[in-house]
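Following this line, the structures themselves.
Two complexes follow with chain A in common, the first pairing it with chain B and the second with chain C.
Moving on to the complex of A and B:
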């Protein structure tokens, strides 16, 4: 019986300890996010107050209004456009390429490995050659320039991930569809996409977040027209002083789309990640 | 008219020669079973007919049309797969309707056909369920439903019952036989199970090492095997094989027993042969010895009851043979008795060429 066990071995105690540890960890990890949110709603006085103001007396949106008035908030829109469109193209092209690698053994054993090896190259190594190329193409500070680059950078990851998910689809399902009257494209649409749905969404979320987080390419390849929010935030770090209100408000705006994406995709995300993990 | 005509078909996988020159003609409405041990090329042959594997050499005609290089969808075939191949994200109705929708049937036509197929297979009450909510037998019915819902020239079955347990397999076998009788369609069925082959087929194609070993009705193959392989493959328990030497009018076994071979002419005395006797052609010695039967004394070594029949192991002819006897004729191991062997149905095999003489 549990009452005969020493105190620290009892089920209830162990459960309580686990919850306690979990709570402490959550506080440690969530506090910076909370602090960021809170600063974005503070007045300048509250931001620099000592002792710190743990929660503001009134929620005020002045910091956000400034961002919208100055047009800085548009950089979040730029990031959203770039990440969404490049994710879309990377998913379509990557899935088709992965299907080809798996089912038609395109490029034999080695092509897939070569593709993922592209991922090992540090982006900083090519950013300046790309800059020169883009100057020549007239693509600097354009949507198309960054969309092409983000798509190209996401492709190896998408291909590699989708390859694993497609390999898990029983071949007979596709053969049955072929016999039943589908073309290869229809097989892709009616069998492969639905079967790999969790994997597709999980991969799409990661691809989206990669593009969303990019700083290096956006810094070098944009000027004023398609500046992304990651670059914009750095403008508020001044030599003399830091505009904490703007930094916080901008960062909050920048996290919202990712929050929403992950919240919507959460169901698939968990399944997709574990699906890739436990194969066979 | 023939619905399927295969001419000198070859299939290579790299250096492996899986199908080695097969010619086959399947008349309209016939139930043909491709049977053989694993690796004999039967599944490969079926998959080349379906267009899922490319032909290396030879031609395939379906419904009088050369489809050797046609895509699977253009071959007018329907296929049932071993692992059911049901789409987990579609319910039973949509699984059955999949092929109809791919071929752009109208909604009313889809409803009508799915309803009819579901009724035939007794799965009408399952239409809104998903595959994961079905038992193995129900899944197999859905898989069959997906094939029969279409008007194909040729229906292909790739070991459809091998994932089911024994009881269910017997039930589904009956079901498939009934379906064939009702629909009257041309069906090609692959199995490694000789009982399925014997019970279902109008005609059996027995394959071995990528070639047709023998082709004919189940009874043909059972009664008149052309090779030792065919004789041993069909029938359960397996045919007994005894090394022997021909005499002028019979055979002499290695222990000196001489058995007559009634009605056989032109036997080369002294030739070494293998004598084949089916367990079913051995009976307990009756009062009157039937014509053409040889009576020999034996001692029962092992008894395996199977219900009304028993399989007994007997030391005989320098080896040990199995006989299938009536249950109440057999006492227990150690029993000494006489058996009658029907020598008119014995098979004589040339051990060099392994063909039946």
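Moving on to the complex of A and C:
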């Protein structure tokens, strides 16, 4: 783009400035994450030191061991179970629904508008009636209650995203499969799902992260049995006497699975983000 | 047996969409109807009067100063955070638009805040903002040359900056990623031709770049705007709506009424009103932006 500028010196200066700004930005945006991580490795003396200790002298895992000994770490397992199962169901139900919307125009534009509008509902308006329903069903503080809610809440997003990916599948592939004697279900299983694979992965990661990050639903609908890690973190809040070490260690435990998932899936995500935004 | 048994293809399109629609109706339509019914009763912690109470709760809504204040707080946060996220995200997208070695690593690092749970983001900033042991006051002290004791999450003058900082930190990278993808798709031959003709940057942006990225940008604004309208987690972690009710947003207030005060009918009326207003806004926006096409 800057080929119109003939001076190499100027180009080099520009690049240096870009690096400088980029580095400052990285420091600003990454420092809070760094701070969270090092607090989890600090001793109480280091946490409550003035002036603050910018890096711990030794890495020690006592803060984590406490979480495992008290059983608090099990809340991360709860989050993992809830997010994984609800993502699985949302992906299957959402993808076949998206297929129906794309290939058969089921329900026309009105149904599509309604589905997208569901994505944007504020959870707080929904959670109150759902809570009363769950009390009646006996679903409060159960896996099934939250899995159903997370699945339902993720569906609009999955349908919205998968529509774009399914539109990209050549119709001829499906037609030839039908001619070869496949049933409609077999076309879904053997053509649509494999062809939309990268889209499925990208969408699944975001769906997983949405369920994983949920706080409000879990706050209202769990008590002790299926408490998620996000709710557990807030249990350590308390006026001025914060359990800093526990907040930090719990947060890190809950953050690492997402970091790993995103790192592994990165090559699918870039396309997922841009496409989801471009295609709407 | 139905037609489906004879001709399995005919109802196929309904079979595959039915489970998703059913689930969405269960959590979308049921709360709406339920809220509507309960909002005409007078159920609260003391009383379970299920007789028809008319517009009693709705009348109270309009006289509830705390509700309108919480709405105002929500709008203040949205009106400040959203433009800042957009401008910062756009500036960052321009910074990384041209190729540079290590670009992908920078982008990966910058996106970290967005994939952290909002409640953890709030908790992290709570630790950062601590008046005694937090690093922010320490950094400020370097510039001030004396010890700084700013009570970020308690002082009425500082709570809004604290919330907005945290919000911007977490969601600017989201804007950045989407706008970077949008900018990369802008036709380079057009912008280059305009630059060679000597058009100033902002004119190129206004007449070539902006029309091209607007479809994506408007969706990003819509998504973030609605997310900000229902902001809950970050405020819960940072201030819990305090001091007093100073940072109480519409979500925090609804939660408090329903689960702390147990004002069942009143909360239902509030939930119903929020759902109806938002549905109108959202459906208008979706149709206007052609998202369903």
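Here, the second predicted complex is superposed on the first by the 262 of 280 C-alpha atoms of A that agree within 3 Å, B and C clash if a C-alpha of one lies under 4 Å from a C-alpha of the other, contacts with A are read in each partner's own complex, and residues count from 1 in each chain.
Heads up, the rule we're going with is that a residue touches a chain if its C-beta (ideal position, glycine included) is under 8 Å from a C-beta of that chain, and two chains touch if they have at least 3 such contacts.
Everything quoted here is computed from the prediction, not taken from an experiment.
If you count the residues of chain A touched by chain B and by chain C, you find the higher number for C. When both complexes are overlaid on chain A, the residue A:91 reaches neither chain B nor chain C.
Once the two complexes are laid over each other on the shared chain, residue contacts for A:67 go to neither chain B nor chain C. In the overlay built on the shared chain, the residue A:221 is in contact with neither chain B nor chain C.
Contact with chain B, but none with chain C, is seen for A:191 once the two complexes are overlaid on the shared chain. In the superposition on chain A, no contact is made by A:202 with either chain B or chain C.
In the superposed model, A:253 makes contact with neither chain B nor chain C. By the touch criterion defined above, A:147 reaches neither chain B nor chain C. Once chain A of one complex is fitted onto chain A of the other, the partner contacts of A:183 extend to both chain B and chain C. Residue overlap on chain A between its contacts with chain B in one complex and with chain C in the other: 183. On the chain C side of its complex with chain A, the touching residues are 8-9, 12-14, 16-17, 19-21, 23-24, 26-28, 30-31, 34-35, 38, 92, 95-96, 98, 100, 106, 108-110, 112-113, 115-121, 123-128, 130, 132-135, 138, 141, 169, 172-173, 177-178, 181-182, 184-185, 188, 191-192, 195-196, 215-216, 219-220, 223, 226, 229-230, 232-233, 236-237, 250-251, 254-255, 258-259, 264, 267-268, 271-272, 274-275, 278-279, 282-283, 286-287, 289-293.
Taken together, the chain A residues at the contact with chain C in this complex read 1-2, 4, 15, 18-19, 21-22, 25-26, 28-33, 35-36, 39, 47-52, 54, 93-94, 96-97, 99-101, 103-104, 106-107, 109, 111-113, 115-118, 120-126, 128-133, 148-149, 151-153, 155-156, 159, 183-184, 188, 209, 212-213, 215-216, 220, 230, 233-234, 237, 242, 244, 247-248, 251, 254-255, 258-259, 262, 266, 270, 273-274, 277-278, 280.
Residue ranges on chain B touching chain A, taken from their complex, read 50-52, 71-73, 75, 77-79, 81-83, 85, 87-89, 98-99, 102-103, 146, 150.
Chain contact summary for the complex, chain A toward chain B: residues 170, 172-173, 175-183, 186, 190-191, 194-195, 197.
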